[in-house]
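What follows is a group of structures, each given as structure tokens.
The same chain A turns up in both complexes below, where it pairs with chain B and then with chain C.
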Partner chain A sequence: MKQAQVPAVLESVLHEIPGIQITPKEGSRVRVDVAPGALPAILELLKGQLGFMHLSAISCIDWPQTDEFELVYTVWSHEQKMTVSAHVTIPRDPGEYVSVYDIHTPAGFFERDIHEMFGVRFDGSPNLRKFILTSWNGPPPMLKSFDTLAYVEETFQWVDYRPEWLRDIEAKGGGIDSEGEGAPS
Partner chain B sequence: MSDTTPVIPDQPEVCRTVDAEERGVWRRVMDRFADHCRARSLFVLHYCTGCGAIELPPTITSRFDMERVGVSPMVTPRQADILLITGYLSVKTLKRVILSYEQMQSPKYVLGFGSCTINGGMYWNSYATVKRLDQYIPADGFIAGCMPRPEAVQQVFLDLMKKIDAGQANAWQDYYLNYDRYLGNQMALFGEEWHTPVDVIAEAEHYGYVGDGTRGRFTEILDRHAAYALRDAPEDYPERGANERLLP
Partner chain C sequence: MRPQNYRPVAHPPSHEYELYFGPNHPGIEGNYAIRVRLKGDVIQEAIADGGYLHRGFEKIMESRLWIQNVALVPRICVPDPVPMEDSYARSVEALGGLEVPERAQWIRVLMLEVSRICAHLFTFGGNAATIGLYTNMFWGVSMRDLFLDIFEEITGARIYHMYITPGGVRRDLPPGILDKLSAVIDELERRAPEFDDLFFDSTVVMNRAAGCGTMTQEQALSWGVTGPNLRACGLPFDLRRDDPYLVYPELDFDIPTETAGDALARMRVRKAEVQQSIRILRQVIARLPSVKGPIRCPLPNPLAWNVPAGEAYARAESSKGELGFFVVSNGGDKPWRVHVRGPSQMHAVQVLENLLTGARIEDIAQIMFSLDACPPEVDR
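Showing the complex of A and B:
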């Protein structure tokens, strides 16, 4: 497959940012890796000069191996017909970053969601109160270190499911395979 | 019917005091008649959780036509008879389900639709999804499957009608008789500040279903909420006296 070229228009706008790495992906997608300090400037440049008005999403990835959070800011331009995903990594401790609410207003909701699910604090975000998990008192549940199954076992009870037809099968040596392939580990 | 026909003693019909046993017999006769009528006209609350809602349009509309058997959707909980829980319940949704359930008039029937309401289904290891519906509100029946087909939904309605007609669909009474247990399970999820606008204990007294499990250590927490709410009420506020002793 032919290696895609970095779109010239993007290159011309972003080449002055130090330490930036632009990687073309399939179709109209471009991945941009930047240092945490440069991200608001890049979003500002993209919005102001190339019409990247639409912040599609901010997503967060927890990397326990390197003890980092990866934040992905996905923006779309109707003029360029192009998606840019800007990746930054921040250390898990203290897990703080700046809000881009002043550049893209919808960022407020994404930041509130990430704060709830991962515990990342966004400095300057308008509202980091509870969003979806209104009765939640535990640790942020999307962290890889959060043991979902242990929490479920502790919080909820199960129906003991042993119907008649299963007993008949078990009497003949069959039954539910709870150890073998496909069983929850 | 002959064994339930009340025996009226030979005495003047005016100003007669009906003894408890006789009232019980009359009540049973009337209840059986009411159940017989009730089973033929059921309204399902038009409130859907999870993905099972997608099976209800074909169940209700012309392909399967639920109204043939007298079951029809209803938009308000106060006018509905059946609460059909159509799929997984997140902790946040469960609050709304309980609020809707408590607003419904008794007798009311709860049906769990799909595997999720029985044991969590495919969300069995999710931190946000409730595993057993019947721990939080009493259920009259469940439909297994993911998804159950409209035929299965109709079957559970027919089964429920049979149960109502036979006077056996009495799960709603269990909510009054064991309110403390249900409230305790709810509080375990939502925290001790959880309370609903409905005075379930007063309803239990009204319907005559106050049992050993109606009041308990969890309903005492509710009384404390009421005491705090009434703290600033005027001296002559009628409900003040009974709750005042609970104030610290």
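Showing the complex of A and C:
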């Protein structure tokens, strides 16, 4: 794969930020590694000065080896035709970070999703209510420590299939559970 | 006398009521729900409620080999599965440093554009059905079936093709398929005026879709809207042109736009996009026979393939907008993390909630369909 140069326009805007590391990646994407405290300012700078106004995604990666979460903010500029992924790492405990909803409205969805799936709390995010896992009370399932197979083994019982089941169901008048919890009131 | 511990229960004003719209409702796209609070027939507040199609794709992909995930990714979005396969494959290729042979790139473009036409035909039908025009659905699905026949002949499957793999495509095109495809797109063009009569020239559509679910370009940009929904607001943003992939730079096509930003404009953009996809397919059909060579680059043993550590973000312009795969490898034989960014994550949640507020109850289904929101992309 061909590796691109760091675009001069990006370097000129970001070079003053201390500790920043800029790496060209595949295609038009540039990776920027920043300190957690500097990220909102960088997103603001990119949006204001270079037109990075489209937030494509916020992705979260769980790194139990270092006890950290990596958050990746992928933004696109319609003017520069360029993608920047800004990477920050935060400690898993307490797993808290700031919301960037005031800079990019779509962050609301991604932060809610990450909160639900990884348990990261975003301070200032407008809505961290459950969305997908509304009746789930277990740990955030996208954590590496959550083992889906072990959960299934512990929660459900393996039962061999018996063809008589179908006959039992038919005898009761079809697939409608008329006695259990799902019975129509 | 009231007891001392009496506390009046807070009721909403009697002229307001709540309605749970979905998840099994003929006017909703897929298994999805919207909780709406209404005053009369005007929506005061809408809250999207997803999760009915959550199958934990991102989690499962972490426990499957890189190559096994080829079978999983198309299942994320039923109406438009090919961009899923392509984006996943390109993200793995970026990580593994694989160069896709030119012939495979042309075949992928063929698959992507046929998938786009299929998805748009579906959306026309769905959108028409929300305002009482059911014939479009039947015609659209029957036309789409002819394209599914093409898919079946190329890949062996009609919907979930599992055809695009990291490094290229699974097998070469069968003989005579380009002529068959050519005949199907001729048939689509022949029938296009009938679709116009039925839909775009219909008084019902003009009265119901014009001015419905309108957003400005500024709103669309701040809400993260992409794809035809954004182009219906006047911005000609298309990843095939702006952040090109595969052989799109070699193809001649226009980016259709509209300015009204309403349901009608969104459907008009899709109609024009079908015409552009036909234009692209004609170029692919003309070019493919002269592009010789392999259809896949040499791959390591896929059952023991350790993809180099790193991260990649590959995205495609799907029929709905920006579809991205953010994939992280720790150098192992399985992905460490896969994040799927579907365009409907914006369109079906924040955008839908915003557009529904102030709309009327009879327009809920139409607004959702006109956004072409795909719930399985949201739930993953």
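As a convention for this text, the second predicted complex is superposed on the first by the 153 of 185 C-alpha atoms of A that agree within 3 Å, B and C clash if a C-alpha of one lies under 4 Å from a C-alpha of the other, contacts with A are read in each partner's own complex, and residues count from 1 in each chain.
Quick note on the criterion: a residue touches a chain if its C-beta (ideal position, glycine included) is under 8 Å from a C-beta of that chain, and two chains touch if they have at least 3 such contacts.
From a predicted model like this one, the values you see are computed outputs, not experimental measurements.
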item	value
Touched partner set for A:141, first chain B, second chain C, both or neither	both
Which of chain B and chain C A:105 touches, first, second, both or neither	second
First, second, both or neither for A:133, with chain B first and chain C second	both
Broader residue contact with chain A after superposition on the shared chain, chain B or chain C	C
Touched partner set for A:22, first chain B, second chain C, both or neither	neither
Partner chain(s) touched by A:90 [first = chain B, second = chain C, both, neither]	neither
Touching partner for A:156 - first (chain B), second (chain C), both, neither	first
Contacts on chain A seen with chain B and repeated with chain C across the two complexes	132-134, 141, 148
Touching residues on chain A, where the partner in the complex is chain C	1, 25-29, 31, 53-57, 59-62, 72, 74, 76, 78, 81, 83, 85, 104-106, 108-110, 113, 117, 131-134, 141-142, 148
Chain A residues touching chain B - in the complex, by the definition given at the top	132-138, 141, 146, 148-149, 151-152, 155-159, 161, 184
Residue ranges of chain B touching chain A (in the complex, touch as defined)	91-92, 95, 118-120, 124-128, 130-132, 135, 188-191
Contact set on chain C toward chain A in their complex	48-51, 54, 56, 58-60, 63, 94, 97, 99, 221-224, 226, 235, 237, 242-243, 245, 311-315, 322, 324, 326, 328, 336-337, 339, 341, 345-346, 349-350, 379
